Structure formats: C-alpha cells, structure tokens
Amino acid sequence: MTEELKDNNIEQVEDKFLAPENRKHTVTGPEGEIIHVDPLQDYYCNERPKAEDPRNKIVEKFLNWARAESLWVLGFGTGCGSIEIPPLLSPRFDAYRFGVAMRATPRQSSVIIISGYLAVKTLKRVIRSYEQMQNPKFVIALGSCTINGGMYWDSYNTINRLDYYLPVDVYVAGCMPRPEAILAAFDKLKTRIKEGRAEGANEYVEKFDWYKANQKKVIKNWNMPDYNW
Amino acid sequence: MINFNSLNIETVSMGIGVILFVLGVWGIVSQKNIIKIIISFTIVDTSIHLILVSIGYIRGKSAPIIDAAINKENAANEVVDPLPQALVLTAIVIGLGITALMLSYALRMYKENKSLDINKFKALKW
Amino acid sequence: MENLINKLQDMFAVKDVQDSKKNQILLTVKASKVPALLSFLKEFEGFKVLVMISSVDWIEIGKFQLSYIVNDPDKKNDLIIRAFISRKEASMISIHSLWGHASTFQREIKEMYGIDFPGSPRVDEPFLLEGWDDTPPMRRDFDTKKYSEETFFPRPGRESNDPAEYMKKRLYPDEK
Amino acid sequence: MDIVKKIGFVLLGLFIVLNWGLLMAGIMRKIIARVSMRRGIKIFQPYINLIKNYSIRSQLTHGIMFYLGPVFRLSGGVGIFLFMPMIYGSDIWNNFSFTGDLILIAYFMFFGMLGMALGAGEGGHPYSAIGISRGLAQFTAIELPLTLAILSIAIQYQSLSITEIVAAQQGSILNWTLFTNPLATGAAMISFLGAMGHSPFNVVMAPQENPVGPPTEYHGTFLGVLQTNRAILHVVEAVLYMNLFFGGANNWIELIVKTFFIYFWSVFVGMVFPRFRVDQSIPWLLKLPVLIGVAAIIVFIV
Amino acid sequence: MVSPISSIAVLLGSAFLVGLFKKTSYSFAQMLSLLAIAFPLFVSAQWLIHFIGTSDGAVMLYTAGAKPPFSVSLQIGMAEAFLTLAVNLLGLLSIIYLMKPFKELGVKALALLLILVMGLNVIILSRDIFNIFVFLEIASIALVGLILLGKRKHTYSAGFKYLIAVAIISSFLLVGIAFVYYFGSTLNIDDFVAQNLIVTKGLSTALFLLFIAVLLELKPFPANGWALDLYEAAHPGVGALISGGTATASLYVLYKILPMGADYWSDVLIWVGLISFLGSNILGISQKNANRLLGYSSIGQIGLLVAVIGFSDQLGSHFEAIFFSLFISHFLAKVGLFWLSGWVGKTELTAWSILRTKPWLLLVFGIFLFTLIGFPPFPSFFGKWQLIVDLASEHGFNWIVIILAGSLFEGIYLFRWLGYAIKGEKSTENKPLLDWQTALPIGLFALLIIGAGYVSNQWMPNGQSINLIPVFFILALFVLDFLPAWIKNTISIAGLVVYGYLLYPELSDDTLRLVFAVIFLGGGILTLIAGYSVKGKRAGFFPFALMMFAGLIGLVEADNLLQFFFAWELMTLGSYVLIIRGKRSMLHAYNYMLFSLGGAYLIFMGMAMATAGQSGISLEILRTTAFPGWTYALMAIGFLTKTAALGFHIWLPGAHAEAESDVSPMVSGILLKGGVFGLIVLFLAMGGEQAQANPLVYVLGWLGAITALIGNLIAVFQEDAKKLLAYSSIGNLGYVLFALAFMSNIGWMTAITYSLNHFLFKTLLFLAIGGVVLRVKTHNMHEMGGLIKQMPLSFIAVLIGIITLAGIPPLSGYAGKWLFYNAVIAQGWYFQGAIVFFAGTIAFLYCFKLIYAVFLGQPKDKFRQVKEAPVWYIIPQIILIIGIMVFSARPDLILKPVGELLSGSAYFPTDPLNWESVTASTNLGYWSGYKIMLVIGVMFMVLLGWLLLMSRKAQKIKQFDIVYAGETPFTPGTTHFSHNMFAPLYRAIGFLTLPMITQSWNRVNSTVHDFADSARKIYSGNGQSYLVQILAYVVIVYLILF
C-alpha cells in the first residue's frame, strides 16, 4: 500500500473483496476541508451503456463493408491460443491482406479474440477490455475451452461457456485451432458483419443485466464499475 | 666612551625619559599580572612627564615661578618655558585619574575571575 | 552425503531417509525442527538454494505434508525435507527469513491448502485466485467438479467417457 | 485574386493531397509487405480504415481538450499545407504562402504537436504522457540538424522564401540543393527520418513498450481525424523537403513522383534499422547529423 | 547668540551639581541633566541656524580674555556647530534611552555622561592641541567610567583592555604634542599652520606621533581589537556613545590637525581609512555577534570617513557635502542600530527576528541598514555617488575599487542580518517591552535619516535633477500603511496611472522608451490588480512595490547617470523587500541582493570611469568615455546580473519561485526588463559602428545563446512550477541578450519584440500559476493534475502563454522567432543562432510539462473542491491575453514605430524591416501576422465545427475510464505521469544541467568566509597582543613613511 493511501482515512467495509484503494475514504484538501471520496462512484462513469442503432440501411451496408474489411484486433492473449495469433501475421498466413491488423488499445480495436481457456481472473480483464471497445465490436472465441470448458470443464477456476459472459460472434472449435481455422473465422465474421448480423455490442447492452449477473456470479472481487466505459 | 662633561641635565632627563618609556612599554607588553601592567603604565606616564619637562628646560634658567627671586618684568628671559611645566601638571592629574581607574578595574576583574593574570581575560575575542 | 545424513540423524533425528534418485535424498523430520534444519543446511552445508516448497494433502491420515527442496549448487546435491503437520490446525513456521522468496511459496500454499504461515509477508493476499471464499481448492475434501457445475454454467450435451474404453470402441468396434 | 476562387483551389489541392497521402501510405505498406514476402494489404486499405474509423458508432470524451486536441493536430497539418507553395510558378497552387515563409512552416509544425500533446494529456492516460514526453524529447534533437540545414540553405540562397528557394533550383537537375549543397541535404534528410516517425525513431508510438503512445485513448472519429492529418502531413512534409532540396515541382505529376521517393527514403530506412531508445537517439542525432549540419554551414562561411 | 563656552560651563557645572544629589532625589537630578544637555543643544542649534542663514565665516572665541598662545581658543563655525549639535543630541537622547539603567546606577552615571558630552564639545570646538588631548582623556575617563557602571559579563576586562590601549595611545599623543610644541613653540593649530615651518626630521616625527595617535583613537584596522571587545561588552547605549560620539569628535580632530602635517598625510589617511574600511568589512563577514558586528561596521565606516578627510583636497568644494552625507549616515544609522540592539537584548544575529513583533521597528532597522550600505533615498547614497564620481575624475580608480569592494563586503553581512530579522526563525521567548525611552530616540533618528537624505540630495551637485515625487509618494504610502490593503492598492494603482498619464507626453515621440514605460507601468498596474485578492492590511507591501516601479520608471526617465543609478538602486531595494516577503525566501533574497549589489557596483564603477575627464554626468557622456573597454564591460556585467545571464543567474530561480503569487510576475515579467533596459541604454551609448568592432558584443552574443540553452534545459527538469517558470525566464532573457548583441536594426527589433512578449506571457503565466498555487497550496506540479475542470480560465491563460512562449504561430511569440532567423542570418552568427533555436525547441518541453502536469492528466482527490483562481488574478490575465492577441494580430502597431525610430536614429540605419500594410519583410523573408492569424483562425473554426458535427454524441467519461491493460488504475497519484517526466532526455544531455556554476559560487563564498573567519583570529582577546598590534601598527606606518 502506497504512502498516498496510508494518509487517507480508509473506511472499513463488510465486503472483504473490495480493494483498499476502492473503499470510501476521506482526504484533506488544501484549505483543510474534508473531502469524502467514493472511488467507484467518483473515478468512473457509472452510466449504463446505450444501444447504438444502425443508421439508414444503404449507408449502413456501406459502413458494414468498411467495418468488415478493416478488422482491428485487440492484442490480448488469454490462454494457450495466443501463440496461434503471431503466425497469422507471418508471411505464411498473412492476415493483413484481409484487412486484419493488431492494435494495442481496446479503444481502437473492433475485434477481441478470446484465445483459449479463461480463468476467472482473466475473465475480469477481458470484460473490462471488451467494454472499453467501441460499438460495433466483435468477439471471436478460440478453442473448446471457450465453448464448454474443454479439458478444464471441471476446473474450479475456469469458465465453461463464454457466451454467458460476452456475446460471441464466432466460435472456433479445436484444441487448439490452427491459424487457417482462425482465418476462416475472420471470413465468417466478415460475412456476419456484412449481413448486418454482428450486432453483439447492442445485444450485450440489451441483455446487460443478465450478462452482469453471470459475470458477477463468478467474479467475486468485482472492484470496478458495472460498466467499464 | 661617553663624555660625561658634555652631558647636560636636559639631555640626561630626556634620555632617562626615553629609557623609562621603552621600559614601561616593555613592561606593559610582557608582564602578565595586571597590577604589574598598571605599574608599567605609571612608569610610562612618568617617563612622559620627564620628557615634557626636559623639553621645556632652558639651560641656566630658573623655575617659572614668579616670586621674589624673579623679576616680574624680565621673567620671560629668566625662567624656563612655563608651558611644558603647566602641561606636566595637567598630565600628572590625568595620569593619576587613569591609574585610579585601572586599579578599580583590576579590582573588579579580580572579583569576577579570582585572578589577575591578563591571559585569563580572553573571553571576548574574534 | 553419507556423512551429512549421519550428522542430520544425530542432530535433528531425521528418519525415513531414501535415495529417490542420483544426488537426491528424501528425508522426514519433525515439523518443529524444519527451520533449524534448513538454517543448518544453508549456513554450514552449502545448500544455498531453496528450490521450492510444496504441499500434499494426506486426508486419510489427517495430515498435510510439506516438502522443502533445497539444493547445493556446488556439489549438485538435492535434499527433500518432508514434514507433516496436522490438518486441523494447519499452521507452519515461516522460513521467509532464511529465503525471501519462500514467502511466495507460502502465500500460494496458504491460498491453495489453507496452511497458515504466521508472519510471512503478504501471506493473506490472493495469489492466483481473486476473491476466493470457498474451501481452499487443493484440499481433497473440496469437490471441484461440483463447484464447477454449480458456478460455471456447464454446457449440456457433454459426454464423459473412459478414454481407454472410448478409443477401443472407436478403433476396434468389433472387439468385445 | 478572387478569394472564393482561391479557397476553391485550396480545397481542391487539399483533396488531392489527402488522397495522395492515403494512397502513398497504402503503396508503402504494400512495398513493405512484398519486401517481407507477404501479399500485404490492399492498396486502398487506408481508405477503408479511415471510413471504418469515421463509422464507429459510439464516442467517448475525456473533456474539452480531448476534443480540441485532434482539431489542433489537423489544423497543424492543414495549416502547413495552406502555407506551402505546392507547385512552382503557379499562382493557383501556392495556397496562402504569401503570408509567411519557411520559418512560419518550421514553427507551425509545433501547433499540431501541441494539440496532440494537450489532447492526449487530457485523456489522463499515463502512457499518452510517456509517449509525448519521449516524442518531444526526441523532437528537440531532430530539429537541430534541420535548423542547421535551413540556416545553410538560407545562406546559400540568401532567402527564407520557399518560392525563391525553388526558383533558384530551376533549370537543371544539377541546380537542385541536393547537388549544390549535399551536406545540408544530408542533415535534413536524417532529420526527416525522425519527423516521419518511422524506425529507428519511432519509440514514441512503440506498441511493445506502451500501447500506441499519445493516441492511446483516441478512437473513432477522433482517430479518423488524426489519420486524415497523418496522410496530409506526410505529403506536405515531403513537399517541404522537395521544395527545399529537390528542386520543387512544376506540376502535380512531378510532385507525386518526388514526394513518393522522398517518403520512400524514410520507409526504406525504417524497414532496415531497429528502434532507438530516446536516450540513444538523442545523442546519436546530436553527433553525426549535427556535425554534417555544422559542416554545411562552415562550407558557406569559409 | 549664546557663547558655546557657556554651554561647556553649564555642562561642567551641572555635572558637579548632579553628582551632589542623593538617590532619593534622582528624578530631579535626571531632569537637571536633561536640561543641562538641552542647553548646549539649543546653543549649537542656534549657531547652526545662524550659519545657515548667513554666510558668515567661523567665529573664534578666546578664553581667559587673551589670544593664543596665552590662552586656549575655541572656534565655532558651521562644521563645529553641526557636530556639536549632533553630539549634544546624541547625549540628550542617550540620557533618555539609558533612563532605566541609569536609575539603578544613580547620579554618578548622569554626571559621567554630562562630562563625556562636555568633553566631546570641547574636543570639537578647541583649536589647542593640548587642550584637545586633555579633553580626549577626560572623555575617555568618563566613558570608561560609564563602562564600569555597566554590569554586563566581561565588561571589566574589555574596559581594561580599552583603558591600557587608550593609555598607550595617549602617551604617544602626549609625546607628540610635546615635540610639536618643541619645534613649533605653539599649541594652537592655526598659529602652527601660519608659521609654515620647514619640515625637519624631528618635526615630522613629532607630527607623526600626533597623527598616529589621533588615528589610533579612531581604531584603524587591524590595530583595533580593544575597541571591538569594548563594543561587544559595553551596554549598547554606551556603544552608541563610542561609535557616534567619541568617533565624531576624533574625526573632527583629525580634520583640524590635517593642515599641520605635510601633504603626504592626506595619502596616509586615505590608505589607513580605506584599509580599515575594506579589512574591517571583510572580517565582519563571519561575525555572529550583533554588537561586535556593529563594532566592525563602525570601524569600517569611520575608516571610510577618515579616507574622505584624506580626500578633502581632491574633493574640493564637494567635500563638505560628501562628508556630511557619509557622516550623518554613519552617525544616525550606527547609533540607531546600537540602540536597537539594546532593545533586542540578545547578541546573536538570529535573535533579531524578534523585531518582527514590532513592524515599525523592522522598518527602522531596514532604514538603518540600507543607510549604511548606501541605498537611495538615504544620504549615504548621494555621498558615495559624489565621492566616487569625484575620485573618478582624479582617475583614482584603485580607490574606487577598494571602496566598492568594502561596501560589497559590508553588504554581505548586513543583508544576512536583515534576512535573519525579516525571515529568521521566530524566537519562542517573550518579546521585550517597548517603552517610550527606547522608541523615541530610535524613531527620531530614523526620521532624521530621511530628513538628512533630503538635505544630501539637495546639497549634492546634480542632486536636484532627481525626481523626488515618487519618493514622496512612497513615503506617503508608508504613512498610510495602517489602512486596509484594498485602499492602499487603489491608491497605488491610481498613482501609477496618474504618473503614466503625466509621463506620456514626455515619451510619446520616443517609442523605445515608451515600450518599456508601458511594460513597467502597465505591468505594475496589472500585477497590482492581482493584489486585491489579499485580505487584511498587507503591511509594508505597497510602499516597496511602488518603490520598485518608481525605480523602473525612473530608469526610463533618466537623463543623467545619477538619475539612472538612483532609479536602479531604488528598484533593487524595492524588489529585494518584495522578494524576501516570500515564505522560504531568506536565502534567495540574500543571493538576489548580493548579486544586485555586486552588479550595481560594477555599473557604478563603469559610470564613474565614464565620467572621468568629462564634464557633466548626462547619459550622453557614455558615448565619449575615455575608457570604452572598461566602461562598457563593467556596465554590461552589472546589467547582466539583473538579467540573470548564465553565471549570474543563481539568485533567480529561488527568488522568483518562492516569492508571493502576485510578486513573482512583478519580479519576473517586469523587473528583469530593468536589466534589459540598462543594456539598451548602454548599447545605445556604444553606437552601431563601434559596437561591431567591440569584442564585448561578440562575447555577449555567445553568453546569451548559452544562457538560453542552459536556462531552458534546466527548466525542463524542474518539478516546481514556479521554478520552472523562473528558469524559463533565464532562458528567455538569454534570447534578449543575444538579440541585443546583434547591434543591428533587426536584432534590436527582435530584442524589443522578445522583451514585450516575455513581459506579456511571463506575467500571464506567473499570474495564472500563482493563482493555481494560491488555491492548491503547493508548487510541485506532480502533486497537481487535472485542474482544467476546476480552473478553466487559468488553463486558457496558461495555454495562450505557452503558445506565445514556444513561438508557435499565430501568436506573437512567432514574431520573435521570425525576426530571430532573419537577424541571425543577416549577422552571420549561425552557430550561436543554432544553439538558440535548439533552446527554443527545448522550451517546448517544459511548456508541455507545465500545462500537462498542472491542468491535464489525473485530477487529485484533495483538489476536488478547489475553486478557480481569485477573480483579481483572472482580470489581469484577461487583459494580458487581449494584449497578446492584439500584438499577434497587429504587430505593426508597435513594431513599425520602433523600427522607424531605430532606422531613423544614427545607430542602425541599415537593413530595416520593411512594412507593406500588415506584411513585414526583410531581404530574406516576409511575414504577415494579421493574415496568418486570419487563415489559422478560420481554418481552426472550420475543422472544429467538422469534428463537432462528427462526434456530437460523445459520452463524457471520468478519470479512471482509461484503457489500462484490462486493469483499473490504482490511485490518481500513481496514475499521473509527471514526476521526472523527461528522464530519457536527462540521461542523454542532463550533464549540461549539473549545478557547476552554483558550486563555483559556493566555493567563492566558502573561501571568503573561511578567509574572514581565520583572519579575524588576530583579535585574540588578549589585551597585550592588542597592544603589540598597536605598537606594530605605529612602527610599520613609520617605516613606510620614513
């Protein structure tokens, strides 16, 4: 715990999983005034997400084409499948020619690839990253583990069905799928986008409470806002 | 050899005065006891009085006291220069005053420090 | 090694000495003597490296086994020191003062087995599991399958088979 | 000249430059792909990316400067275009270069940088600030050889007016500054590597060390604006170097050819060399390129 | 007219009478002695008025009805009347001051004091050397008696040392008098002089003894240990009597007997006096005891006065005025300080912080110290000025160097002392009571100093040329100091406005001066507006602020060197007090003062050299100086200390950073321009052609370039917002220096543009940051962050400020950069130019850091409820922003007239800036501020509109809604990246910012202190070694002379 936190008057709370830095506390301002800080309320935007309706049909078709031809993937490897991503960009598979590119920040990415098993700990980060991506956004799930838990089906710490937590656009079965399969997934995803069926972001918003309940059931130390803007 | 015949009183007293002056100054500078320093000072004082008197002396003339022996009109030619003698008088008085003051200081210093060694009074310096 | 073992037997009353493989000896000692033994080995016998600490749950005899593996990098010798502690009062003396990194192993064991190491730095902070509030998962009385089924929405339609039986049926369907 | 007509031509020029910038980026990436034995992106991929970014449905903003940052940045790019005479000898295509000379362009480059820095700063992301601090620190060293080169050619041509400098290079290919003042050209071209943000001077945006540097928080339309600016800026900076060192352009074709090769230079070097850290690149830039620049001046003093 | 003899008689008689009183009737005795001393005071005053009113010569009084040699004669003239007046006043006030201690001592003390005063009176009046001797002794005895009465520790030993020293000295004196009488047969000074004796060896020796004895009475360095001990041990009231009374009398004796000796005695006095002045002041540096320090200072000042007596031939008709002003300064200030030390009661210098409990005493203390150093408007300033100018006309440059060096050393310890008093740690003990007996004498002397300052001013040749209206205005503000701050603020602003209005017609045709007048007066008004936010009285702020502005505007107004230097010192004084008001400013203000003092003396030296051999002191004579190299170099270095060029910059960061929020812009944006204006005056005097050939200009050019680089580079690595701005000021002043050094039309245009810009943006930035600091109560940028939401207006101000600072088009900073390029290329200073441009890009780094770390990034919890800066800070910022905008859009409004002035003048007729409506052009390039502004403005608005259209629905999110590798940030403090922001740059070129200059100055400092500390060990405390010193001094002087 840093000096900064030590000085603050941190409140003791019932929820033992609430991190110290996220508990309510008071700080003293320059004029000696006492300021009450509730980190989860004050540091984060607590609005509910909004569904963004598609525009006019013809325009949307054009835009969907652009979205499909320019898939920017968030560089986030969750499990063993992440080792299958780099070959995608190598001369042999060359995903660039399909408009696929890797981005380092969720803000600029439109695709998140869940590459394999998801531990609860990782799921939390995945949810935060996913929610920080902008609408429209797409999820590709790699491997059996994301489908039904795979070889970790009875693990105490690995989720079994990704679609209970995030709206998945494309599942790729296998343990692990090869890069060709992933390319095929991209192709499938493109088709879905062009057909206007890849509205996962809006679906997530519409079934927000259900998703949240599922997520919070497994992630006990939530420690972040309900929706990560 | 010194020719004692050529010695006269003003030279002798002047010489003794200078010797005493030097002795007195030496005493002030070299003695560590405050009382001895004061005594040395009185020696210096005395030497100056001697010098003063010898300056005013004119050979063969008498003291500048106008009495029966000295003609009032002709006094200027018969007596030695009266001024140095008057000066000496004043100087003696002043010397006396200063000596008295010094002694009183010595007394107080002794009371303060139970010592008369001037080296013990170096608290103020730099 | 022989000398060392003899010495240890004299000093710490070690027992169950076995050669597990070349240059590696397994031995058992009373839990209360572990820190003294390790400190002796570290200071005088050249076992400078703590390789790891691990734990086994012997639920049948109601004990936890703690294994300390130490290594002598000069002579290339390994010692595995086993100690048994009660399962009910699962607590062990911390050795973080001998090796700083021991605290990390102890933190992990605390999380996974619930064995307490009083005084070990950050021992109560979560290591792999965040927000775990159930029985420590590596204890054998914890039913991981049940937990998973209750928590993680199992996808229906999954079949479990004995791999040997299943493959036999697939490959040699004719054989009985 | 009629001001409406002028503005019309300026907008047309801007349109050409934007398109050429996007196309050039596509071509370059195609070339890079072919060098590394890939098929590479489609030539029009930058267009698609741009459209995609403008088509993002949701937008987030961290505050007013987050909003204004991209505007500043784009103003910087467009502004340099406005103050740059594009085609030599053409009243139509010299834009607003009558308002200021070479120095104006040199200092107006800061305008966009400042805007980017402020916008990214308002984003509140530490990586943005780290990227900016690296970028600015490196930029100081990048500017020095360029300054020396500008001084050198100002001595050479006794003018700071770009039009006059281009005019002095007309007639023969041997009149280009490249041949009449190779040292200044050398110093400036090294500085150009830094200005383009390609390897070895691309630690600012280094994805492995901090996610994409200053624009970490930018997305959607904001990112689109930044991309637009990037397309314009690359062309316009190449035009600046073309005007100063490579004899300017008499028509759009010549401009396109020359800027292509100038830009190609930075891409080519970037492909071959690994990345510098900031504390490596600054001393490097302050050694050899500065020495070349100093030599370029000494040549004219002696 | 009452004869002075009667006053002596009254004193003597009453001394006896008082001695007769019993303790029970003490108050009656007291009354009597007051009356007894008031009588001679009245007599002296009467004579003085008589002599001032008429032009009568001195009057000779004969005692005993006979003429010399038969009797003692007294003379009373103007000098005697004045000096007895001073001594009697001192006596009277001493009785009042010492009322309480005397009461314990009884009537004896009163009698002794009366005798002392009587003795001093006679010493001054008498024309008979033996008589003088006698009364010197009487005075000494009385004094020692007084010392004896005091009951401090170690008093007795000190008194004894004094006594034996005086005894030896008087022995020499007496022997000398005896031999003088022997050779001259007279004791009367006038008769002796009238005889015109042939100088024989004997007579010279006799006179030597006489002179050396009188000199030793004045405690020449280094034969003065006895006196120092006495100063330390004696009651401060007695110390005042020694320093003010006996020294006065002895000085006058010296003056009286001077005609008796051969000509070389003048030289001896000069050297003895100057050695005392220099030596004593050097040794005083490491002194920590206040009373002893006053002793050192006393000896130094008296040394200077001795030297002035020695100079009496050279000074001619100015002698009296110079002596008067220097003497009265020493007399009033030193006595006043002794009295103050009595009130403070403690001897350590650090204990003087107790003065803060009585602000007016602090003011009086300041008056005394500034009087000692020689700051205007106090008398010693005029005295020193005229002394040095007159010495210069005799080519006595060595003497000038010694006097100025001595004054500088004096400044070192006096300002440290002042610093302790103003800013030292407050002592926890109870403050002593201030009764009227203490307050009256001290207050009276302080008032007298001001009066004496006026007299000196009017008396001194050229003194009348000084415009005293601002000084009177400031005095009035002192009187009004009890009013609440806002009233005084309004008065001050009104004063500046009215003064500006009155001044305008004078300057309207000289645009160059007008620009600076606008900076000084306009800046003053703007920064004073910010002062409205201060509640309460703000005691002592406004007079000094106005003093600084009066000084600055005085520089612009100055026609002659005296006016200029007067204004310069006034500005230094005012700004020093302003700076020291900051919270942790003691050391910084001290550094500032020492550098300013050193710089001022260099300027002074240069001016003095310029006046040598020329008539008049108008600024024009700088052009025709006989020593151009020295004059220009000295003055340039002097001005550089104020512009904080590299090497002289170490005072600036602390002084600017620690000053109060609204003082920082004053001392940064405005004050520094004083140095710039000085350089402009100097360079104008040098003239165009001459300057081109002068290597000085070349050196200054390089210095400016390197200053710009290093100043900016250090600013980059600052964590303290105000320090960052302060270092940035150093860098920016480096630009100005560099541009001025071009000595070309366009170079000067650059410098003026830069000065104006720096004024605009630095005042703006300091006001804005000052407002922020006022709210968040910290200077550290990494503790702030995200303040844009609370302080949008301050943010805009800083944004405009840094855009201007960085020289980004379209704002006016770009004008400077563009002119710079043109000037550099035209001049051919490419490499210096390249360094300056490199510095410019570095400036961009700290600009970003300033705005990012303070206003952007992560907001901190504790600053959530912070409000926008006070409205009184915002108003001047808005005005400044408007100023910047106007100057950016229409630079021709200002630069055109300046350009016409420069090219119309004889200095820089070639290569001016050509103006074609709003477009400026040179041989090289062109620039149109107006059109650039238009183009960029339109473009920016269009693009903004487009972006607004595209992303109008953006969701507003909060500070932790950032992408953080899937994690949530920890706390705002750990997420705000601003500490050590440019670490890679530091690794690359940070070695340039190592504090080498500070270290070398520290080394100089410690060397001086070590030297002073070891040199003062000669005062071993042993009375006998003091005697040996006296004897050795006599012998050495003798050997040198013969």
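The chains carry the letters A, B, C, D and E, assigned in the order they are written, with residues numbered from 1 in each.
Keep in mind that, in the parts below, contacts are C-beta pairs under 8 Å (C-beta built on N, C-alpha and C of every residue); 3 or more make two chains touch, one makes a residue touch a chain.
All values reported here derive from a predicted model rather than from experimental measurement.
**Student:** Using the touch definition from the top, list the chains contacting both chain B and chain C.
**Tutor:** Chains touching both chain B and chain C: none.
**Student:** Keeping to the contact definition above, tell me which chains border both chain C and chain E.
**Tutor:** A
**Student:** Please identify the chain with the largest separation between its CA centroid and the CA centroid of chain A.
**Tutor:** It is B.
**Student:** Among the chains here, which has the CA centroid at the largest distance from chain E's centroid?
**Tutor:** Result for the farthest chain: C.
**Student:** Name the chain with the Cα centroid closest to the overall protein Cα centroid.
**Tutor:** Of the chains present, the most centrally placed is E.
**Student:** Count the touching C-beta pairs: is A-C or B-E ahead?
**Tutor:** Between B-E and A-C, contacts are more numerous in B-E.
**Student:** State, to the nearest whole Å, the distance from the C-alpha centre of chain A to the C-alpha centre of chain B.
**Tutor:** 112
**Student:** Using mean CA coordinates as chain centres, what's the gap between chain D and chain E in Å?
**Tutor:** Those two chain centres are 54 Å apart.
**Student:** How many angstrom between the C-alpha centroids of chain D and chain A?
**Tutor:** It comes to 36 Å between the two C-alpha centres.
**Student:** By residue number and range, which residues of chain A touch two or more other chains?
**Tutor:** Within chain A, residues 50, 105, 107, 124, 229 contact more than one other chain.
**Student:** At which residue positions does chain D touch at least two other chains?
**Tutor:** 58-60, 211, 216-217, 220
**Student:** Pull out all the chain pairs that touch, please.
**Tutor:** In this structure, the chains touch in these pairs: A-C, A-D, A-E, B-E, D-E.
**Student:** State the interface residues of chain B toward chain E in the complex, per the touch definition above.
**Tutor:** Answer in residue numbers: 21, 25, 28-30, 32, 34, 37, 41, 44-45, 48, 51-52, 55, 83-84, 87, 90-91, 94, 97-98, 101-102, 104-106, 108-109, 112-113, 118-119, 121-126.
**Student:** Which chain D residues qualify as touching chain A in the complex?
**Tutor:** Interface residues on the chain D side: 33, 36-42, 45, 48-49, 51-52, 55-60, 207, 211-212, 215-220, 223.
**Student:** What part of chain D is in contact with chain E in the complex they form?
**Tutor:** 54, 58-65, 67-68, 70-72, 74-75, 78-79, 82-83, 96, 98-104, 107-108, 110-111, 113-114, 117-118, 121-126, 129-130, 132-134, 136-137, 139-141, 143-144, 147-148, 151, 154-155, 158-161, 211, 216-217, 220-222, 224-225, 277-279, 282-283, 286, 293-294, 297, 301
**Student:** Name, in rising order, each residue of chain E that touches chain A in their complex.
**Tutor:** Going through chain E, the ones touching chain A are 775-778, 861-866, 955-961, 963, 965-974.
**Student:** Which chain E residues qualify as touching chain D in the complex?
**Tutor:** Per the stated touch rule, the residues are 786, 788-789, 792, 799, 802-803, 806-809, 814, 817-818, 821-822, 824-825, 828, 830-831, 833-834, 837-838, 841-842, 844-845, 847-849, 851-852, 856-858, 919, 923-928, 931-932, 935-936, 939-940, 943-944, 947-948, 950-951, 953-957, 959-965, 975-978, 981-982, 984-985, 987-989.
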